[in-house]
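The same chain A turns up in both complexes below, where it pairs with chain B and then with chain C.
Showing the complex of A and B:
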C-alpha cells in the first residue's frame, strides 16, 4: 500500500464510520460502537506504519502528497497529507487514546437513546483531529480545526436536555471562536505576505519574509491556539465542558481538542522560532500553568479539578515551546494524552460507581473499586511527576528546557523565573492530585459504590500500563528516541540534580496532601486534636496557598473574561439575530410555501366551484357597464374594457394584505421574478 | 466663484435658513407657532423668485458645484420651480388643519424634505442621491403620522417607515455593489460605461447592483412590484401629506433616474433595459386594472400613481432629449393633476374613507368643486384638450421614435382602461344631472379659503400646461 494512501486512510476511516453511522446508526443500535472502533483500529494500524516509516526517515517527511483543490487568481490551493516525525508521533498517541476511549464509551454510554449518534459524532471528532495532524496546508488544517470545534459543541451539548450542558456547549463554541478569529486573521496575513499556505513552505518562511510580519502572523495564530488549548484568558470554557459525557471529556482533554492548539504551535514551530513570538507563548503558558494549578487546589468537583489540571499542563507545554523546548513539549503532549485520558476515564468510573461528582461526598472507594483506585493512582502519580512514570520524564524535560533554554529563542534570565514557577506548580499539582486521591479513595466509606463494567476497566488498565512505560520513548541520555525523531542530530543532555529536585518537589506535594488529609480525618473524629506537625504545615504552608486559590476564585476571572470577551460576541450574534435575518428567511421560505399553498387552494375554489360564479359576476359587471353606457353615453367602449378586466382586478387586489412583511416579501419576490424574466428577454 | 456659488444656491440657502429659523423661534417663543405657515409660504415664494433669477442668469451660474457633487442646469431649475410651486400648494392646503402644537414640526419637516428633493435632482453622484433620498424620506415618515391621535395615520407612518428603510438598505447595498464594480459613484459623465470595457464578472455584479438600485428607487416612485405600501399609506396618512408624497418625491427621483442612466444604458445593457420595460409594463397594467376595483378614492389614486409611474418609465427607457422633454412635461401634468385630486378629497373631509359613492351628485351641490375634480381627472386620464393628453402623447411618441412601439401600444391600451375609473367618479358627480333618483352623496363642511386658493391654482396650472402643451404636440407632429 502506498504510504500516501496509508496517511490518507487515517482520517478517512473514522470519516467513513461517521457516514455509516449517520445513515445506518438506527439500524445498528449498540453495534454502532464496534463499527467506530473497527474504523479506529484501522487508523491505529496505519498510524503505526507511519511511525515505523518516520523512524527510518532520518528527519525527512514520510509523506507529502497534495492535489490542487482550487486556483484563485495566481494562488493555488493544495490539499493533501503531510506526515513527518511530529505528525506521526502525535497521530499514534491520538489513535491509541481514542481507541481506548471508544472502547470505554461502549460501556459508559450503554443504554443511551442516542448511542449511535454519539459514536457518529465521536468518530467525526477523532477524524478531524487526525486530518488536522496530517494536513499539508494551513487552510486545510483550519477547516478541520473548525470541524473539531463543531463536534466539540455537539458532544459537550450531547445531553442537550440539560440546561447546563446546552450552555456549556455554546460557551465552549463561542470562546474557542474568539481565538479562531485570530487564527483566521493569522492565516490571512500569512497568505497575503508569504503567498502560500503549504505547511512545508511556510516552515521555511523565515528565509523570505520580514520578521515583523511573521511576528504578527504568529501572535494571531497563537490566539487560535489559546482558545483551543484553553490557555488563560480563554480557558473559561474548559471547566464547563465537563457537562458532556465523560468519554468526551477524556478525549477532549487529552488527545484531541486541547492538543490541537499545542500541535498548531509545534507544527509552525520554525516560523514561531524566527518570528520572536515565543516569549509571548512562554508567558501565556506559564501564566496558565500557575493559574490552573491554583484554581484546582480548592475545587471539589472531581472532573473540574482535572479540567483545571489540563489547563495547567497545557500551560507547561506552551511554556516549554516558548523556551525552545520543542521536544519536551511534544513529549509532554504525548504522555499527558495518556495519563490525562486515564484520569478522566477513571474519574468517569468513580462517578459511574458512586453517582456523585463531589469529592467531599466520596471516600473509601478503594475498597469497592479496587481496579479503578489502582489505575487512578497510576495516573495521579504520573501527573504529579513521580518517577518512573511517564509524566515524570516529560515534566523533567520541560524543566530542563526552562533551566537551560535554547539560546536562539530565550535567555537564562527569562528561563530561571519560569523554572521556579514551573517547579512550584509541579508541587501544587502533586498536592491537589493527591488531596483528591486521598479524599476519594481513602478514609471512611461515605456511600455505597460498585466497580464499573469490564468494557470500561480494560481501556483504563491499558492506559495505565502505557502511562507507566511511555516515559521510555525519550529517556534522556539513554534512549532519546522521540528527540531523534523530531529533531535529528540534536542531543538532549540530562540534568540529574534537576531530576532529583523535581521528584522531591512532587514528593513534597504528595506528603503535604497526605498530612492534610490525615488532619482532616482526625479533625472529623476529634475536634480538639493535638498540636502536631500537620498543624504547623497547615498554618505555614497550606493556609496561604489556599488563601491565594480562594482569592483567585473570588476574583472570578472567569466571570470577567466572560463579560469582556464572550458577552460582546453573544451580543453581536444577538444583534444580528435582531436584524431579523430569521424573519427574512421566514418571509422568503415559509411564507412562500404557504402563499403557494394558499394560491393553489384559491385556484381550486375559483376553477372548480367558482367558474359559474365568475361568469355571473362578469355578467353583472357588464350590466353595470351597460348602465353607464345607457345613462351617460360618454364612452361606453372604455367602460366595457374596464368591466372585463374587473374580475382580474379582484384577484390582484388580494395581494394588498396590509402586512408589512408581506409587502417586503412581494417587493423582493416579484422583483426577482421580473428581473429574471427580463434577463431571459434580453438574451 | 464663491459669490457665484452663494448666488447659485440661494434658493436652498433661503429654505435652510427658514427651516432653522422656524425651529429656533418655535422652540423659544410658542406664540410664533401660528405664523410658521406664513414663514414657510414666504420662504417658498422667495426661493421660487430666486430660482427664477438664477435661471435668468444661466450663462454665468449654471455648472458643476461642490467638487462636481451637484449640478445646476435646466433640469435642476425645473425641479426647483416645480417643487416650489407644489410646495406652495401643499402649504396652502395645510393652512388650517394642524393644531398649533404640530405646526413647527409639520412645516419644518416639510421644508426639509423639499430640500432633500433638490439634493436628489441636482446631485451628481450616488452619495448625494442617497443623502437626498433620506433627507426627503425621513421627514415624510413623520409627516404621514403628524396626526398623533389618529391610529390609522400612525399605522400608515410606521408601515411607510419600515418598508422605506427596507428599500433604502437594499438600495444602499446596490450602490455599494455599483461602486465595487465600477469604481466610481459619480454620474457627471455616464455612470454606466460602455459595457465592452467591463469584464464579465463585473457585468454580473452590475446586474445585481442595478436590481437593488431599482428596487430602492422603484419603492419611492411606487413602481410595480415595489408599490405595495402606497395604497395603505395613501389611505391612512394625512391627505395633504399624501398629496405631497404622491407627487414631488416621485418627480425628483424620476429626474434622478434619468440622470443616472446615461446614453450607453439603452443600447449597452439589455438586461437592465428589459428589467425596466417589464416594470413599466406591469406598472401600467397592474396599476390601472387594480385601480378599477377600488372603492376608496385615495386607494384608487394610489394605483393610478402606480400606473403613471409606468408611463414615466417609458420616457426613461426611450432615453434621448425628446424623451426628456416629454418626461418633464408629463411630470408637470401629473404633479398638478394628482395634487388637485387629493386636494378635492381633502376638501371633502379626511376623517373617514372617501369612497366613490361620496361623489354622487357632487356637481349639483358643489358645482365648482366638481368642476375642479373633473378637470384633474380628465387631465390624469389624458383626455384632450387637457394637459394630460399632450403629456401622454409626447411619451408614446418618444417611445415609438426610439423603436419601442409595443411599449407605446401597452401605454395606449392601459390609458383606455384607466379612463374607466377616472370616469366612474366623473359620472357619479354628474350622474344626477341626468338621472334624478340617484342617492345623495356626503355633505361637505365649508372648504377653507387657502384650500380653495390651492385648488384654483392647481386647476389653472393644469389648464395652462394644457395650453402650453399644444405647441409641443404640434411640434411633435
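Showing the complex of A and C:
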C-alpha cells in the first residue's frame, strides 16, 4: 500500500463509519459502536505504519501528497496529507486514546436512546482530529478545526434535554468562536503576505517575510489556540463542557480536541520561533497553568476538577513551547493524553458506580471499586508527576526547558520565574489530585457503589499500563527517541537535581493532601475539604487585593471634594459675613433698585397695558371672522379627502389578500414591468 | 468544454422551477427552500457570465460568494421566523398566513 494512501486512510475510515452510522444507525442499534471501533482500529493500524516510517525517516516528512481542491484567481488551494515526526506521534496517541474511549463508551452509553448518533458524531470527531493532524494546508487544518468545534458542540449538548447541557454546549461553541475569529484573521494575514497556506512552505516563511507581519499572524493564530486549548482568558467553557457524557470529556476535552491548540502552535513552530510571538505564548501558558491549578483547588465536582487540571496542564505545554521546549511540550501532550483520558474514564466509572459527581458525597469507594481505584491512583500519580510514571518525565522535560530556555527564543531572566511558578503549580497539582483521590476512595463508605462493566474497565486498564510506560518514549539522556523523531540531531541534557526537585515538590503535594485527609477523617468537621494551604494561598493572592481596595476606600473621594472645594467656599462666605457687608449692600443697591422699580411700574401701567388691551380686542374680531371660513371651507375639504380615500381604500383592499403567493406574483409582475421600463429608458 | 450558454440555460430553468414552486407551494419551509434555489440559480448565472466574459477580477465569483452568504443569512432568519410563527399559530401553511388580509 503506498504510504500516501495509508495516511489518507487514517481520517477516511472514521469518516466512512460516520456516513454508515448516520444512514444505518437506527437499524444497527447498539452494534453501531462496533462499526465505529472497527473503523478506528483500521486507523490505528495505519497510524502505527506511519510512525514506523517516521522513525526511519530522520526528520524528513514521511508523506506530502496534495491535490488541487480549488483555484481562485492566482491562488490555488491544495488539500492533502503531510505527515512528519510530529504528526505521526500525535496521530498514534490520538488513535490509541480514541480507540480506548470508544470501547469504554460502548459500556458507558449502553441503553441510551441516541446510542448510534453518539457513535456517529464520535466518529466524525476522530475523523476531523486525524485530518487536522495530517493537514498539508493551513486552511484544511482550520476546516477540520471547526468541524471538531461542531462535534464538541453536539457532544457536550448530547443530553440536550438538560438545560445545563444546552447552555454549556452553546457557551463552548461561542467562546471558542472568539478565538477562532483570530485564527481566521491570522490565516488571512498569512495568505495575503506569504501568498500560500501550504504548511511546509509556511514553515520556511521566516526566510522571506518581514518579522512584524509574522508576529501579527502568529499572535492571531495563537488566539485560536487559546480558545481551543481553554487557555486564560478563554478557559471559561471547559469546566461547563463537563455537562457532556464522560467519554466525551475523556476524548475531546482532555486528550485530543483541546490539545489541538497546542498542536497548532507546535505545527507552526518554525514561524512562531522567528516571529517573536513565543514570549506571549509562554505568558498565556504559565498564567493558565497557575490559574487552572488554583481553580482546581476550590472545586468539589470530580469532573470539573479534572477540567481545570486539563487547562493547567495545557498551560504547561504552551509555556514550554514559549520557552523553546518544543520536544518537551509534544512529549507532555502525548503523556497527558494518556493519563488525563485515563483519569476521566475512571472518574466516569466512579460517577457510574456511585451516581454522584460531588467528591464530598463519595468516600471509601476503594472497597467496592477496586480496579477503578487502582487505575485512578496510577493516573493521579502520573498527573502529579511521581516517578517513574509518564507524567514525571514529561513534566520534568518542561521544567528543564524553563530552567534552561532555548537561547534563540527566550532568556533565563524570563525562564526562571516561569520555572518557579511551574514548580509551585506542580505541587498544587499533586495536592488537589490526591485530596480528591483520598476523598473519593479512602475513608468511611458513604453510599452504596458497584464496579463498572468490563467494557469500561478494560480500556481503563490498557490506558493505565500506557500511562505507566509512556515515559519511556523519551528518557532524557538514555533513550531520547521522541526528541530524535521531532528534532533530529539535538541532544537534550538531563538535569538530575531538577528531577529530584520536581519529584519532591510532587511528593510534598501528596503528603499535604494525606495530612489534610487524616485530620479531616479524625476531626470529621471540615467536610468541605478546605485546607490550610488554601488559606496560605489566599493570604498571598487575596490579601493584597483587599489592602488595595481598603486604601482606595480610605482615600475617599468625598473627602477630597470636601477639602478642596467646599471648605474654601464656606471660609469665604464666613469672611464676608464678618465684614458686615449687608449694611453696605442695603445703602447702595437696595434703595437705588426700589426707586428705579417705582418709575418703571408707572410706565408699565399706562403705556404698555393700554397697548396690549387694544391688540387683544382687535384680535377677537378677526378670529370670529376666520372661524366662519374654517367651518365652511377647510373642514368641508378635509372631509371630502377623507371620504374619497376611504372609498378608494375600500376598493383597493381587495388586492390585499394576505396570501403570500399573491404578493410574490405581484412582485414578479412589477419586476417584469420595471425591467421593460428600465430597458425602454436606457434606449 | 461546456459552453457558457448551457450554464445560463440551466440557471434560468432552475430559477423558473423555483419560482413556480414558490408560487404554488403551501408550506412555508418549502417556500424557503424554493427561495434558496432561486438564489443558487442566480449564483450559477453569475459564475457562468463571469467565466464567459473572461473575468480577470473575479467579479462573478465574488458575487456568487455574496449570494451564498446572503442565502445563509436569509435561511437563518427565515427559519427562525417560521419557527416562531409555528409556535404561535401551530401551522406553517401559507394559507393560514393571512393576517395582512385587507
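Note that in this section the second predicted complex is superposed on the first by the 525 of 683 C-alpha atoms of A that agree within 3 Å, B and C clash if a C-alpha of one lies under 4 Å from a C-alpha of the other, contacts with A are read in each partner's own complex, and residues count from 1 in each chain.
We adopt the following convention: a contact is a pair of C-beta atoms (placed from the backbone, for glycine too) under 8 Å apart; a residue touches a chain by one contact, two chains touch by 3 or more.
Everything numeric in this text was worked out from a predicted model, so none of it was measured.
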Taking the superposition as given, does A:300 touch the first partner, chain B, the second, chain C, both, or neither? neither
Based on the superposed arrangement, let me know which partner A:660 touches: chain B (first), chain C (second), both, or neither? both
Go through the superposed model and pick first if A:677 touches only chain B, second if only chain C, both, or neither. first
Between chain B and chain C, pick out the one touching the greater number of residues of chain A. B
Go through the superposed model and pick first if A:412 touches only chain B, second if only chain C, both, or neither. neither
Identify the overlap between the chain B-contacting and the chain C-contacting residues of chain A. 652-653, 655-656, 658, 660, 664, 668
What residues of chain A sit close enough to touch chain C in their complex? 72-73, 652-661, 664-665, 668
Chain B contact footprint on chain A (complex, rising order): 628, 631-632, 634-635, 637-639, 641-643, 645-646, 648-650, 652-653, 655-656, 658, 660, 662-664, 666-672, 674-675, 677-679, 681-682
The answer for chain C against chain A in the complex is residues 19, 22-24, 28, 31, 58, 61, 94-95, 97-102
Quick one: which bits of chain B touch chain A in the complex? Just the residue numbers, please. 159, 162-163, 166-167, 207, 211, 214-215, 218-219, 224-226, 228-229, 231-232, 270-279, 282, 286, 289-290, 292-294, 416-417, 419-421, 423, 427, 430-431, 434-435
